[in-house]
Amino acid sequence: MDSTWVFIGVFFALAPLLAAAPIVIGHYLGPSKPNPIKNDVYECGLKTVGDAWVRFKVQYYLFALVFLIFDVELVFLYPWAVAYDMLPTFAVLEGLLFIVMLLAALVYAWKREALDWYD
Amino acid sequence: MAFLQDPTLIVEWLRQLLLGWGLSPALTSLALYVLGALALATGPLLWVIFLIWFERKAVARIQDRLGPNRVGKYGLLQPFADVLKLLTKEDIIPAKADKFLYWMAPILSLAGVLLLWPAVPLGKGIGGNVNVAVLYLVAVGTLSTFAILVAGWSANNKYALLGAFRTVAQMISYEVPIVLALLVPVLLARSMNLQAIVAAQDVWFVVAAPLPALIFFVASIAEVGRTPFDLLEAESEIIAGFHIEYSGMKFAMFFAGEFLHAFTVGVLGAVLFFGGWRGPGAEAYPILGLFYLWLKAFLLYFVIVWVRGTFPRVRIDHLLDFTWKFLTPLALVVLMATAVLDKALVRAGAWPRALGLLVVNAVIWLLAQRWLRKVEKRLEPPMVAQPGQYPVARYTPPEPQAAEGD
Amino acid sequence: MVTTFVFLLTAVVMLVAALIAVLKDNLVHAAMGLVVTLFGTAVLFVLMEAYFLAVAQVVIYVGAIAILIVFSIMLTRRVGAAWGAQTNPTWPFALLVAGLLTVLVTRMVRAWAPDQVLPAAAAVPADITARLGAALVDPNGYVVPFEVASVLLLAALIGAVYVAWGGRKAEKETHK
Amino acid sequence: MIPLSWYLVVAALLFGIGVYGVLARKNAVAILIGLELMFNAVLVNVLAFWRYLQPGETAGLVFAVVIFAVAAAEVAVGLALFIAVYRKFGSSDVDDINLLKW
C-alpha cells in the first residue's frame, strides 16, 4: 500500500467530520422553536399550489446521457496520454480515431437538437 | 534552521517526540497521518474566513461601494461576526424533509472541496504525491455534484429540486471540457501525478497550452457556480436554487464550500498551468515554493473575483450552448492538435516545442473566432450590438407560458 | 492489520448499502445505497492497488451512471408522493434463486481454496497505468476492444438519444 | 495481504444481492440498480484475479475497462427505454407494460 493512499484514507474519514462539526455546534447553540408554519415548504410566501409536482424536462436526462458517454470515453484516453512516450505513430493515430468518434457523437447529439435548451 | 531546506525534518522530529512518549511505531504513524490531515483540512477552512472578507471587499470596490468596514480595522473582523451570528441561528429543518439526506448534503458539499487538497503538491517533496491525481480531482468533484442533487431532493421543495436539476445539468455539462482540458497537461507531462506535472514544467504549460488553460479556467468557474454562471443562485428566477430550505450553519457550509472551491480552482490552475510551486529558490527552500504556489493561486482567485464583480449572469440556454457547442469541440480540436504536434516535435527542446504548440493554439483560436463571428450573424438581432446602439435596443417580452413543465 | 481492518469495514458497509439498494421502497434511498456500494468497490480497488481503476470507478459509476439513475428516478416521481411497495409478490422465489446462487459460488470458492493453492501474489509494477495505455492501443494487444468500445459507446449514445428524444419538432407535436 | 477468497466471497454476496434486486423489483430503474450491483461484483472478481494471478499483465485491467464501457452503454440505453416507456404509459412498473401479453 502506498502511504499517500493511507493518508487519503485518513483524510476521507476526517474531512466529513470537520465539515459536520460546525453544523452540529450550530444545531445545539441556536434556539429551537419549531412551529408548523416555519417548518412548512418555503415557496416565496405563496401557498403550495396543486400537488407540488412539476413534470421535469427530458432535457436534464439528455444532458446527463451525453455526459455519461463522454466521461467514459475520456477516462479511456487518460492511460493513452500517460503512455505517450511509449507509443509509436500508429498508436497515436488510433487515439486520434477514438477522439474522432467522440466528435462524431457530439455532432450527432448536436444535429439531433439533444443539446438545445428549449421551453 | 535546517527544516527550511527539508520540511520532512519536522515530521521526523514529531515522530521522535511521539515515540519518546512511549507510543508504538504503528500508532505514531497513524497519529502523524491524523495530524497531517487535520492541518491540511483546517488550514483551508480557516483561510476561507479571510477569503470571504477579501471577496466582499474586492467586489465592493469594483462596484464603487465600501464593503464591510464597521467591525474591526477595514472590516477585517466581519467574517468572524458573521460566523458567530450563523452559529447562534435557529437550525430549521423542514417538517417534510428527508432528514438524513438533508443533514448529509451540506457536509458532503464542503467535504467534497476539502478532499481535493491531499492531491495538491505544496512544494518540493511536500504535499500530494498521488499517482492518479488528475483523475482523482475529477472523481472527488463528483461528490459536490451529488451533494447538490441530494440537497435539492431532501428538502422536498419543488423549487429546490428544480434548482438542483439545473445546477447539476450545468455542472456535468462543464465537466466535459474540464476533463478534456486536463488531458493536455497529462499528455505534456506523461503523468497524472501533479507532482510530476509540476516537475515537467520547465516551461509553464500555459505557454504550450494557453487554450486548455483558458478552457479549464472558464469551465471551472462554471463548475463552481460563480457569476456569470451562477444560475444556481438565480434569486430572480428560482428563488435561491437548491439550498432554499437551508438556513443557519448548514447554509453557511454550502457557501464556505463555494468560496473554498473558487480558491481551490486557483490552486489547481496554478499547479497545472503556471508551474505550481516552482520559482526562484523554491528547489532549495520548499517553504518558498509554498509561498509561490499561494501567490499564483491568489492571483488566479483574484481574476475569478474580478469576473464576478464585472459580468452579468448568462441565460441558461446560452450557458449550455457555450459548453456543448463551443468549449467542448474547441477542447477536442486542441487536444488532437496538441497530440499530433507533441509527437512530431518530440526531439525538439522544451522551448521550441512549447512555442510550436503556442502557435498552433493561436491558429485554432483565430479560426474559432472567425467561426464565432459567422454564428453571431445568425443570432436573433436583439442579441447583437449594432454600432452606435445598445445591445438591448429592441426588447419584446416573451409570450406567457408555463415556467418549467413540458 | 490496517488493510484487513479497512477491507472488513468496507465489505460490511458496502454489503449493507447493497441491501438498502435492493430492499428500500424509497428509490432515492435505494440509489444512495447504490452510490455507497460503488464507493466501497472503489476502496476495494485501492486495496488491490488498481489505483487508476479505483478513480475511474468513481468518475464513471458514481459521477455519471449513478447521477443518470438518480435523475431518472427523480424525473418520473411526484415530489413528496408516497413510494408504495416496490417488490413483486413473487419475491420469495427471487430470494431462493439469489440465495442458492450465493451459497453455490461461496462453496465453490471454499472447495477450490485459492489461498492455499495459489502462490503469493507478485507486486504491481509502478508504471501499470502507462502499460495499460500502451496495451490499449497496441495492435498486438487490445486495440480491437478499445476501438470497439468507442463504437459501442457511440452507438449507445445514438440509440439512447433516438429513443428518449424525438427532436424539438416531434416533441412539440406530441404535446399538443 | 488479504486472501483472494475474501474478495471472491464479497463479490459473490454482492452478485447475489444484485440478482435478488433484479428478480424481485417492480420498478425498471430499481432493476437497473440491481444490474449495476451485479456488474460491480464482476468487476471486483476480475480485478481480484488480476491482482493475485498476473499483476504485471494488463489483461485484467483491459477487461475491467471494457466492463466500464459496457455498463455505461447498458445504463444509457436502458434508461432511455425507461424514459420513453414512462412518457408513453405514464408508469415505471415493468408489470404495467404488457401490450405484447396477448
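By written order: A, B, C and D. Residues from 1 in each chain.
Keep in mind that, in the parts below, contacts are C-beta pairs under 8 Å (C-beta built on N, C-alpha and C of every residue); 3 or more make two chains touch, one makes a residue touch a chain.
Because the structure is predicted, anything quoted here is derived from the model rather than measured.
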Of A-D and B-C, pair with higher C-beta contact tally: B-C
Identity of the most central chain, Cα criterion: A
Between subunit B and subunit C, centroid-to-centroid distance (C-alpha), Å: 28
Subunit B and subunit D: spacing of chain centres that average the CA atoms, whole Å: 33
Geometric centre distance via CA averages, subunit D-subunit A, whole Å: 21
Interchain centroid distance [CA atoms averaged], subunit A/subunit B, Å: 14
Sequence positions of subunit B contacting 2 or more other chains: 96, 131, 135, 156-158, 165, 168, 172, 175, 190, 192, 406
In subunit A, residues with contacts to at least two other chains: 2, 5-6, 52-54, 56, 58, 60-61, 64-69, 71-72, 75-76, 78, 81-84, 87, 92, 95, 102, 109, 116, 118
Multi-partner residues of subunit C (at least 2 other chains): 2-3, 47, 49, 51-52, 56, 59-60, 63-65, 67-68, 71-72, 74-75, 79-80, 129-132, 136, 149, 153, 156-157, 160-161, 164, 171
Arrangement of touching chains [line / ring / star / complete / other]: other
Residues of subunit D that touch subunit A when the two form their complex: 65, 68-69, 72, 75-76, 79-80, 83, 87
Residue ranges of subunit A in contact with subunit C within the complex: 1-2, 5-6, 9, 51-54, 56, 58, 60-62, 64-69, 71-73, 75-76, 78-84, 86-87, 90-92, 94-95, 97-98, 101-102, 104-105, 108-109, 112-114, 116, 118
Residue ranges of subunit B in contact with subunit C within the complex: 26, 96, 98, 101, 131-132, 135-136, 138-142, 145-146, 149-150, 153, 156-158, 161, 165, 168, 172, 175, 190, 192, 406
Contacting residues of subunit A [partner subunit D, same complex]: 58, 61, 65, 68-69, 71-72, 75-76
Subunit C-facing residues of subunit D, complex: 1-10, 12-21, 23-27, 29-30, 32-34, 36-37, 40, 43-44, 47-48, 50-53, 55-56, 58-59, 61-62, 64-66, 68-77, 79-84, 86, 92, 95
